[in-house]
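In what follows, subunit A forms one complex with subunit B and a second complex with subunit C.
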Partner chain A sequence: MSLVSLHDVGFTYAYADRPALREVTLEIEPGLLYGVVGANGSGKSTLCSVLRGVIPHFHPGELTGAASIHGTDLLDWDPGELSRSVGYVFQNPFTQISGIKETVFEEIALGLENLRTDPAEIVERVLEVIDRVGIRHLMTKNPNELSGGQRQLVAFAAIVAMDADFVVIDEPTSQLDPETSEKVFSIIAGLKERGTSIVLVEHKIDLMAEYADRLIVMSRGRVLEEGPTREVLVSPSLDEAEVLRPEVTDLALALERRGDPLPRVPITRAEARELLAPRLEEAPDAHRTH
Partner chain B sequence: MPIELTDARFAYPDGTLAVDGVTFTIGDGERVAIVGQNGAGKTTTVKMMNGLLKPTSGGVTVDGADISGRTTASVARDVGYVFQNPDDQIFGSDVQGELEYMPRYHRWDEAKRVERVRRAALMAGIGNFMDLNPNDLPFAIKKFVAIGAILVGECRYVILDEPTAGLDRRGLRLLGRILDQLREEGITVITITHDMRFVAETFDRVIAMAQRRVIADGTVEEVFARDDVVERAKLKRPEISQLARDLGLDAGAVRFDDVLGLLPAGRG
Partner chain C sequence: MTTTPTTPAAPAGLTPEEQAFVARLRAPITSGNWLRDLNPINTFVLVACLAVVAFALPGFVPSLAVCLAYVVLAALAGVGRRFASTFAKLFLVVGGILFALRAVFLDAGERLLVLGPFTVSTGGLLQALEFSLLVMALCGALTLFFTMTPMKNLMLALEARGVRPTVTYVILASFQAITDLGKSSTTVMNAQRSRGIETEGSLLTRLRSFGPILAPVFLTAMNQTEERALSLDARAFSYSKKHTQLSTLRAVPAGEVALVALAVALATAAVIGRFVL
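The block that comes next holds the complex of A and B.
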């Protein structure tokens, strides 16, 4: 059974004159990492809100079509129950941080307290996650005094701590440096290995190419394409959706236009290196430095 | 005329050192990217450049004159700063008011105010949102409101803190057009960014910071070519530049077209 099943789903926010989602048909299978890509305002965050059930339970508006999570129609879910079974990281950490907790430790524990987890287990899990995310130095700080990047890590850690079977993550690295972004992605990959199903909105396409199993391409509220990452990254739908490709993919496409294609189109640097290396060995006069 | 930092140091009242003595000069019309890990001291450094923070020791001059005696509002006329998080910068209840704040504060005459606001709105691509409350706008558009509010002024230096974060391809193109326009006007652009593709394609000079100090200052090619700097500042070279190095091609190739040009033809 699909984890989430959307059939011809549309949603229009109350007071909006146009739908934010149109004719969305999508099956999310368990155990995979789905990347959602698209321009700003293409409906990515609204799709996330449907997937975690805050549409229609908290955002007023008109939902059409059929949407079910774990086989139960979205409208039949108890909102509290649903929020406990789907973890969610907000795009803007300034929105997610509760503002009511005085330390990072308590902030991360908040979700587990709401799940009525045993206090001893809360301490153990929060400490474990704090180390995994690498924020022990922030543990006793006030969340309101953290930098944007630090808050983003705390918001992410809070969701990791909840250990949900299904997490929806909206731009977790927008304010992080490259090293920390990679770390967040490797933690997400670790969640997937433990069987967590993940939907991830992210602009960093190189990381998506490396980690996502499938990509969902959105434009103007519609899903233009859904498919294996490798196929989607060379699809014209990315141009229509105004989404950047990995630079190495662009490079291969530029070689194709030069009438000089590679045997296949790489989506990661490692693949590009493998495909280009034989060509350089055959061309001893190439601009080598060593 | 340049901005000059001389052994500028900043410590918070509790003694925590944020910037431990930085020295550099940024001249007219330069395009400079300041890079390094979160916490390296980048934002504190640029905040000292526009008077938002006063150095604990050392000095900052703008156009040859020390700015320590000037108010932040006065320095901001010369040196505009676009915040990383637009919510930290924007406080107007509509976009029009946000853009008019600076002209009204400095009591510009109406003709000049109207013209500068119109032009800034056009450049920032926010003309359709002028009557709306910035809080109701999506994050990416709010970022352009924050940029527009700085473009209204007649700053000769514009500092952009993480301008590409959260922008899509359209947003990046718009930002590129704004930066091209500023270049044509001879305005100095300084950015803080983690986006190395943006650095390689758009900026001429890179200042790398680590542990509250400047550890390298040079052309984009020079800085990315240094393994020790990349390691210490935790930089990630643009994918295309790293690929060129992996293949043993010119280590100074950092831009897409440069790398493409270095690739030999296949046998087919």
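The block that comes next holds the complex of A and C.
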């Protein structure tokens, strides 16, 4: 059974002129990392809100089509139960801190308290997650006094601690420095390794190419394409959606057009290095002649 | 047969400081001071009883005595300096204004000074003293309560008495919002300054610069409220069953109950003595 099933789903926010989502049909399968790419305003965040059930439970508007999570119609879900099943990490690190806890430890414990977890178990779980996310040094700090990057890591830890089997992550690194972005992606990779199903919205296409199993390409509220990352990254739908490809993929496509293709089109730098290695060995100084 | 309570083993790999922190979380909350360790609801009842005594007994002496009692209690609770500083400011600003207004407008007893519409008289001074000290006794009760009681403890006590977490969240978040708005206004103020808007100088200049700050600060706050609500929902805040608590308040000892009962009895006696008998 699919984790999430959307059939011909559309959504128009209250007082909006145009729908933010149109005719979206998707099946999200368990255990995979789905990357969502598209230009600003293409409907990525609205799709996340539907996948998490924030629409229609929180944002008012007109929802059309059929949407179900774990086989239950979205409208039949109790919002509290839904938060137990589907984790959600947002873009803005400054609004993800509850503002009512005095230490990072207690901040991470908040979700577990809400889920009626036994206090002794909360302590164990929080300690385990703090180490997994690598924020032991922040454990006793006041979450309201952390930097944006540190807050985002705490927000991740809080959602990881709740142990949902499906997590929706909306542009988690858009306000972070490269080092913290790497940390965030290593947390996401860790979640994936543990079998968590993930839907991730992210502009950093190189990281998507490295981590995503499948890509969803969005433009003007529609899903233009959904498929394995490698196939989607070389398809014309990315051009239509105005999404840049990884540089190495662009380079390989350019070589193909020149009649000098690589054995296959790489999507990550490591793969490109591997494919280009024989050519570099044959002509180690070739790049100096141009 | 008696059983000895067992302490959970300290998690491996933690520094001594981290172990102490975790141990504190596992134990009921304590500050190490018996007055501050009173249950917040009992603390509130105690200071409210003192305020009631000041209100019920005639003259300015009871109010003055209660104000002094607050200072002594604050010192015993280990928050004397913090309380004295806040209370002194209140005394000077609120108490001073109330005293001055009453003193110059109430004309009773012997006139000491007449300046146009203002008359300072012995009766007016006495009533002004009585009224301002009574108000200070009431204000002092609240000041002492909030100086002695961490908000977190108060919310735990309220939730233990059945107050919904939503209500306690709103109270706690409101206090945090004041700090956040302060930080946000500093950021906007710096941004305005970098664009050349005068934000320092005379009172008029400062007031004029305040207008352009208000809109961005409040619009940001309103935007953030929606996102904060969503992130709370992501933490299962709307989960319908009763939440557990990582931190707990200690059990209320019998002596504390007796102290509160005595305070309530004294306050009731003062009210009955003044208004019934």
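Definition applied: the second predicted complex is superposed on the first by the 275 of 290 C-alpha atoms of A that agree within 3 Å, B and C clash if a C-alpha of one lies under 4 Å from a C-alpha of the other, contacts with A are read in each partner's own complex, and residues count from 1 in each chain.
Criterion: a contact is a pair of C-beta atoms (placed from the backbone, for glycine too) under 8 Å apart; a residue touches a chain by one contact, two chains touch by 3 or more.
This is a predicted model, so every value here is computed, not measured.
K.L.:
Identify the partner contact of A:Leu127: answer first if only subunit B is touched, second if only subunit C is, both if each is, neither if none is.
P.N.:
The second partner, subunit C, only.
K.L.:
Applying the document's definition of touch, where does A:Leu63 land relative to subunit B and subunit C: first, second, both, or neither?
P.N.:
The answer is neither, since A:Leu63 touches no partner chain.
K.L.:
Name the contact category of A:Leu244: first (subunit B only), second (subunit C only), both, or neither.
P.N.:
It touches subunit B, and subunit C stays clear.
K.L.:
Answer with first, second, both or neither: which of subunit B and subunit C does A:Pro79 touch in the superposed model?
P.N.:
second
K.L.:
Quick check for you: in the superposed arrangement, does A:Leu110 touch first (subunit B), second (subunit C), both or neither?
P.N.:
The answer is second: A:Leu110 touches subunit C but not subunit B.
K.L.:
May I ask you to decide whether A:Asp260 touches subunit B, subunit C, both, or neither, giving the answer as first, second, both or neither?
P.N.:
Once the two structures are laid over each other on A, A:Asp260 reaches subunit B alone.
K.L.:
Quick check on my understanding: which residues of subunit A belong to both its subunit B contact set and its subunit C contact set?
P.N.:
Residues 92, 94 of subunit A touch both subunit B and subunit C.
K.L.:
Okay, in this complex, where on subunit B does subunit A touch?
P.N.:
36-39, 84-85, 87, 138-141, 162, 165-172, 194, 196-197, 234-236, 238-240, 242-243, 246-251, 256, 259-260, 262-268
K.L.:
Tell me, which parts of subunit C touch subunit A in their complex?
P.N.:
Counting only subunit C, the residues touching subunit A are 8, 11, 13-14, 17-18, 21-22, 25-26, 152, 155, 165, 169, 172-173, 176-177, 179-180, 224, 227-248.
K.L.:
Would you tell me which residues of subunit A are touching subunit C in their complex?
P.N.:
My answer: residues 52, 54, 58, 78-81, 83-84, 87-90, 92, 94-100, 102-103, 105-106, 109-120, 122-124, 127, 131, 136, 139-140, 144, 155, 158-159, 162.
K.L.:
Please give the residue numbers of subunit A that touch subunit B in the complex, ascending.
P.N.:
The contact residues of subunit A facing subunit B are 38-42, 91-92, 94, 147-150, 171, 174-182, 203, 206, 242-244, 246-248, 250-251, 254-255, 260-262, 269, 272-273, 276-277, 279-280, 282-283, 285-290.
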